[in-house]
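Think of it as A, B and C in the order they're written, each chain with its own count starting at 1.
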Amino acid sequence: MDAEIKMLKVHLAGELFEVPEGSTIMMAFEYAGFQLKRGVGCREGYCGACATVYREKGDYKLQGGLACQTVVTDGMTIAQIPFVPAEKPIYDLTQLSPDVSTFTELFPSVFRCVSCNTCTKACPQDIQVMDYIQAIIRGDIARAADLSFDCIRCGLCAMRCPAEIVQYNNATLARRLYGHYLAKKSPELEKRIIEIEDGKYDKQINDLNEMGKEELSKIYFNREIKIS
Amino acid sequence: MKIPYFPGCTLKTTAKNFEISAIASAKKIGIDFIELDRWNCCGVVSSLTSDDLMKHLAPVRNFLRVQEMNKQGIVENENRMVTLCSMCYNTLSLSNKRMKENADDLQKVNDFMHREEENYKGDVDVVHFLSILDEYGFDKLAQKVTKPLKDLKVASYYGCTLLRPKSVGIDDTEDPKILENFVKALGADAIDWDAKSRCCGSYHTVNNVDIVYRLVQGIVDDAKKNGADAIITSCPLCAFNLDVRQSEIKDKNPDYQTLPIYYFTQLMGLALEIDKQDLGLEFNKIEPEKLLKKLNLLS
Amino acid sequence: MAIKVKFKDKNDDFYKKIVELSGEQVALCDQCGTCSGGCPFIEEMDINPSEIMRKVMLGQKEVMDSRTMWICASCFTCTVRCPRELDVSKVSEALRQVKLRTAIDEISIADISKEEAKKLPTIAVVGNFRKFTG
C-alpha cells in the first residue's frame, strides 16, 4: 500500500472531505462517496456535461471548469451543477435566413450583451465567447460559427452572463446556419451521396456484413492507407 | 490620412449603404478608414445613471483597440476614432468623457478588464465623420465636387445624438450649421426648417411604433412645408424610422407624399462621382433614384 | 391653482435614491416648465416632465406609476434647455432603473413579431433592451 499519497482538504457540496492529491473534481466527489447521476458524462472533457463552479483558497475569483478535467487544490470549495437551464426555441433550419434577423426572432436576448467579457472568462474551452456573441449582433454568422467551433455546450457562459444570454444555443444556431447556408458546397460529396443512394456500394457493405471476425480483421490490417 | 474607424453593428447589416458610401467618399478625398480589427457593440444607448459602470465597458474596450492600432503601427500617432453612426458617436463619446473626467471610474473599469493586455489610458478621442469633414474644410470639399447637386433641395436632419447633450454635441444644439455647410459644399440647396433636431422616436420603433409614426410624419411634413426634396441623416436608427416607417405610413395612406431619405454620405458620393454601386441605393426603402434622375444627378 | 402639499408624506429615501442614481439635485428645479414645453413626446405622457420633477422633489413615490419615464426616449431636449442646468433625462433614467433593478422588465422581448424581427435594425433592438429590460 502506498502510504505516501498526500491528502487534500476540499469542501464538496458544503461538507469537508479529504481526497487524494491529483484527483479531478469528479474523482474527488466519487472518492468522498457521492454518486453522480447528473452533471457527469464522458469523463474525457468532450461532452460538456460536468460544469462545475469553485473557489480556490484565498482567491476572490469564482471559477468555472469541467469536473472531469479540473484538478482539486487544497482548501477548494466546489459545487457541482447538474445542468444549466436554457432557453431553446424550436426552429426549422430550412426556413431561416443566415443573418442577424434570425437571432432577433429566435434569440432576442443576445442583444442585451454589455461586452463585459464574463462569458469568455468563464469558458473552460478558451473560446472568445464575447467575440462570437458580438459577431452575431453584427450579423457575421460565419465568424460566429468559426469562433464558437470548440464549444462543448457546458453552459458556464450562460450561467455567468449578467445579460442572461444563452451563448451556447446562439452559437449552435450560428454553426447550423453556417453549415446549411454559407459553407462552401462540396460537389464531390453531393456526387458521392447520389452514388450511395443509387446503391453503388450496397454489394461491398453486404460483403462486409457477412464476413467473420477473422476475415474482417485480416482485410482491415491489410487495407491501403493513402496519405495525401 | 489613415484613421481608426469604428463601424457599429447596424452599418454591417441594415445600414450597409451608409458604410460603403462613406468609405468610398472618404477615399476620394484622401481619408482612409481603417476598421478596428476587433470591435464590439458601442453599448447604445448610453447609460445615464451615476453608477452602472458595467454599461461603459463596451465603449472602453473599443478605445483599447485604438491604442493597440497605434502600438502596432497600423496607424501613426492617430488617437482619434472616427464613427459614422450618430448613436455610436454619442454613446462612445459620453463614456469616454466619463472615463477622462473620473479617474476612479476609469480605474474600476480597467481593473475589471484585467484580461485585456493594456489599461485604457484615456487619450482616445471619438470624432464623427462630419467633424472630420469640417476640419478638412467645406471649401476644399466643394473644390473636389465633380458633379454639383444642382437644384437638389435638402433638409438636413440632425436628430438628437449628434447635438445633445451639449458636452458631446458636434455643433450648436439649437442652431446647428455643419450639415447645411456640407450640403452647400456639394452644390445642393440647404433648406431651413424647424424639425431638424426633433427626435424621430428612436428605439420606440420596437414596441411602440405609433409614437414613431406620429413623430416621423411631423418631421417629414415640416421638411415638405419648407420645400425639401429629400432628407439626409447620419443615424441608422433615424434612417430606419424616417425611411421604413415613412413608407409604412404611405402603405396605410396611399395619398401620402413621401420624401426620399439618404445618408449624407450617399449624396457626398454622388457629388464626388464614386462608383454607383458604392452608393448602395438599393438599400434605401423609399425609391431613391427617381428624384436624382429627374435632376440629372444619376444616369 | 394652489397645490396642497402634505409634507408628512414625503418619502425621503425615494428622493435620495433618485438624486443618487441621476446625480442631479432635483430640488433645484424651478418648475418653469421649459422641459415640458420642448418635449417632443409630451402628447404621449400622462404626467409632464416638470410634474415628474416636482413629484420626485416631494418624495412622492407614486410617480413610479406614471408612464412618462417609459415614453421619454432620452433625446436630451429638456436637458439642453433647462435654465437650472438640470439633466432631466438622467432623472427619467433613474426612475426607469428603480423598476428595472428589481428584475422586472418593462417589455417582453419575446413579443417582437417575426415580421418585425426581419426588418428591425440592430441598433433599435439593442437600444430598446437597454432602456426597457433590467
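Just so it is clear, contacts are C-beta pairs under 8 Å (C-beta built on N, C-alpha and C of every residue); 3 or more make two chains touch, one makes a residue touch a chain.
Every value quoted in this text rests on a predicted model; they were computed, and no experiment measured them.
Because contacts link each chain to all the remaining chains, their graph is best described as complete.
Ranking A-B and B-C by contacting C-beta pairs places B-C first. Remark: chain A and chain C have CA centroids separated by 44 Å (rounded to whole angstrom).
Annotation: 40 Å between the Cα-based centres of chain A and chain B. Work out the mean CA point of chain B and of chain C, and you get 26 Å between them. Looking at chain B, residues 9, 13, 41, 43, 55 sit in touch with two or more other chains. Counting partner chains per residue, chain C shows two or more touched chains at residues 112, 119-120, 122, 125-126, 130. Listed for chain A are residues 100, 137-139, each touching two or more other chains.
Contact residues on chain B toward chain C in their complex (touch as defined above): 8-10, 13-15, 41, 43-52, 55, 85, 87, 160, 163-166, 169, 173-174, 197-199, 201-207, 211, 214-215, 236-237, 240, 244.
Residues 109-110, 112, 114, 117-120, 122, 125-126, 129-130, 133 of chain C are the ones touching chain A in the complex. Interface residues of chain C facing chain B in the complex, by the touch rule stated above, are 20-23, 40-41, 43-44, 71, 73-77, 79-80, 87, 89-90, 93-94, 97, 107, 111-112, 116, 119-128, 130-132.
Residue ranges on chain B touching chain A, taken from their complex, read 7, 9, 12-13, 38-41, 43, 54-55, 57-58, 61, 112-113, 115.
Chain contact summary for the complex, chain A toward chain C: residues 100-101, 104-105, 108-109, 111-112, 137-139.
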